[in-house]
Amino acid sequence: MRIALAFIILLAVVGQSKAKTIRVGKDRPYKSIKSALEIAQKWDTVLVENGTYTEGNINIYKSIVFMGEGMPILDGSRKFEVLSIRANNVVVRGFKIQHSGYASLDDPGGIKVYNGDHVIIENNLLYDNFFGIYLQYCKNCIIKNNRVIAFGKEEQQIGNGIHCWKSDSLQIIGNKLTGNRDGIYFEFVTNSVIWRNIADKNIRYGLHFMFSNNDAYFTNCFRNNGAGVAVMFTKNITMMNNTFEENWGDSAYGLLLKEISDCYLGGNKFVNNTSAIFMDGTNRIRVEKNIISANGWGMKIQANCMDNVIEHNNFVGNTFDVSTNGSLTLNSFSENYWDKYEGYDLNKDNVGDVPYHPLSLYSVIVENTPSAMLLFRSFMITLLDKSEKVLPSLTPANFVDTRPLVQSIKL
Amino acid sequence: MIEVKSLSKRFGKFLVLNELNLHLRSGECIALIGPNGCGKTTLIKSILGMVVPTGGDILFQKKSILKDIEYRKKIGYMPQIGRYPENMTIGQIFDMVKSIRNVEYKLDEDLYHQFEIEKILHKTMNTLSGGTTQKVSAALAFLFDPEVLILDEPTAGLDPLSSEILKDKVLKEKAKGKLILITSHLLSELDDMVSEIIFMQEGEILFHQEVGVLTKETGMDRISKAIVHILKKR
Amino acid sequence: MRRILKYVIIDIIKNKIVVFYTILIALFAWSAFGLEDNASKGLLTLLNIILFVVPLFSVLFSTIYIYNSSEFVELLVSQPIKRNKIWNSLFAGLSISLSVSFLIGAGIPLLVYAEPRKALMMIVVGVFVTLIFISLAFFSSILSRDKARGIGYSILLWLYFALLFDGLVLFLMFQLNDYPIEKMMVMISALSPIDLSRILMLLELDVSAMLGYTGAIFKQFFGTSLGLVLTFFLLLLWIVVPYVISLRKFRVKDL
């Protein structure tokens, strides 16, 4: 038994030592990548030297390390999918991949991984492709430190930065995504983590979940996208320590939650968004320890949301802290800090003695009549709001934080 | 000098001047008299351009005054009740009017000195008595040596001494051949000054006659009696 | 005209109320910036003051001043001077004094605290609002010889533009809720100088970006340089039209 084990280890070591490096470059025997890939064996490294390689669609069928030296350029001539990975255990590292084909039928991408397991894609620059990195039926893959830049003008004419479909256990780490339709797109992706990415100026969403359960995203930054993050038709998503800022414009949100349940939203920062958090058909979500400041709307909670708990958040300097489109409220607010709170705290326990109604009359009016926004900051509105505060008549009475904090929470 | 041609003025429903015709010549001192509300002041204000007539025309030296302002340089006006900006001092009022008129010839400062206005130049208008205000008005009216003087109740509110000073001044100016138009209720004080009488009633001119003719016709020696005589006769 | 103007301005400055107004505005402005934690919040507070206090004071003070100047006007009308010049001098005198008051009161703290572009915009809007409500004062004081009635008209005009107009707009919005009325509402806002100034300023403060769909429409209309020119043209009309009406009436007024 021992001898057998030793033999296996020996075999493995010998097997590894057999792995070789094949260089590709204009002064090397292998001038083209395709020719090098052809002779490469499993576990070999194909090392591509600096230069521009316009070889149409490059396919990798073997478990190899495919590496660039000095950022060689792979160009798709705006016709082809540039790099297709059709094997497990592939590493792609250090390329500038540009000008993939543009089509809407087969979704060509800069790098596309078909049914890959343990594929690592790192330190690449994906420049002006239709899709950036495209994963389908993949498992245990790592997409790390890539830069994806595209120049989309309209949603229909551009793909996503990192597009993941029917995959599991992915790690999307430290990527930077600019100018795509969605920065990162998850559809039927489970048990995956998204960490330390930056998505800015994407046309639709910075990060988009569809039917993707049990995922988490931490410490990402979503800036100036059509909307920061959209989580739709999904369960069990953990959202922590992210920054959502400057997601501005017509129907723009920091975070859009649609038909989701059992999620956690904590420790995030929402600054300067048109609407920081929009909740539609959202159930059993815990929203806590977030900073929600200087937004048009802090939270828009549609009447079809139930059993959400909103606790220990700071609402500071928003035009409207909260708005809703109905009169029914089945969510609970407690111990949040509202800078608009005007109550007092006699027993000095940092909890205001008067409940706070975060829903202003004007926010109700604007919800029903958007053009009333025209009267923003006019006396008429100030007067209406003040009188409503004194004698609440139109705003739902149970929309209330019974324990508002008088001092902001240190977050 | 001044011709008034079928002048009408209507305040709302109330007809104040009704097709008035007048001819005022230089060298005359004319008394404009009549009961209260007969339209004297309105006529004067029309000549001054302060009231815009409803109909008719006024000619000043053969030129219509309706579109003109230059003719006012030749008129000195002393209002019945002088109303002046309250916060301005007498000095400022004189300065301002001087700068508006902007004349180059020598100013006639007789009244200015005789009323001792230089001593009260620093006083603001709201601190003045009615009499002092009248003195200011008189001094301003005569200051620019105008060809026409329009004096609306000039002696009302003046003390006897100042009243005499003013009368002397009027006579002096009349002698220079100026046209002087005076309205007054005190017929007695007009005797030695006026050469013609215009009597107005309800917006119309009852008569316009020389004093000499008037006294001769009625056989009365004083104007007041002559007028009463005429009114009784009618 | 310059000669009369001099006396008008001396007279207004002698009036301690204008000094009080300058101090009041200064007090508001400095405290708005001092108490709020950031400059843009201070700007918004100041905007409210500008749209509330400045119109009220401008229209009331000017109306009272015009009535109190009746003696002055009477004195001048019998002098060889055109009526236009008298009325223009009054308007210019009031405009210059109140604008200077505003510039001293609000302009200095604005330039100290706010971004130059925003500060400049706010100052320009403030001066426009001042002039518009002086012009409205001329309009309401020529309507009646009675001072009390004239002041009443002024207060009514102010109340209308500051409050009632917005109430009517809100009512209209409720009534026409089912129709796409955003563009129409933008047009209607041109009928109130206060609303026009407020929207202009909000756009400059970039809050518009947070206003969602409707904000986007504002931006489309008011945010372009053409929209900006058009808006200022409308504001200019609000100065010119009431004043010219009052001037025409003054030319044939009996004194």
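To keep things simple, chains are lettered A, B and C as they appear, and every chain counts its residues starting from 1.
Please note the rule applied: a contact is a pair of C-beta atoms (placed from the backbone, for glycine too) under 8 Å apart; a residue touches a chain by one contact, two chains touch by 3 or more.
Quick caveat: nothing in here was measured; it's all calculated off a predicted structure.
Of all chains shown, C has the CA centroid lying nearest to the centroid of every protein CA atom. Among the remaining chains, A is positioned farthest from subunit B, on the basis of C-alpha centroids. Subunit B and subunit C, compared by their mean Cα positions, are separated by 43 Å.
The mean-CA centres of subunit A and subunit B are about 91 angstrom from one another, to the nearest whole unit. Centre-to-centre separation of subunit A and subunit C, using mean CA positions: 48 Å.
Note for the complex: subunit C touches subunit B at residues 3-4, 7, 10-11, 14-15, 68-72, 74-82, 252-255. Against subunit A, the residues of subunit C that register as touching in their complex are 41, 44, 47-48, 51-52, 162-163, 166-167, 169-170, 173-174, 177, 181-182, 185-186, 189, 194-195, 198-199, 202, 207, 209-216, 218.
Chain contact summary for the complex, subunit B toward subunit C: residues 11, 45, 48-52, 69-73, 75, 77, 79, 83-88, 92-93, 96-97, 99-101. Within the complex formed with subunit C, the subunit A residues making contact are 248-252, 272-275, 295-297, 317, 319, 365, 368-383.
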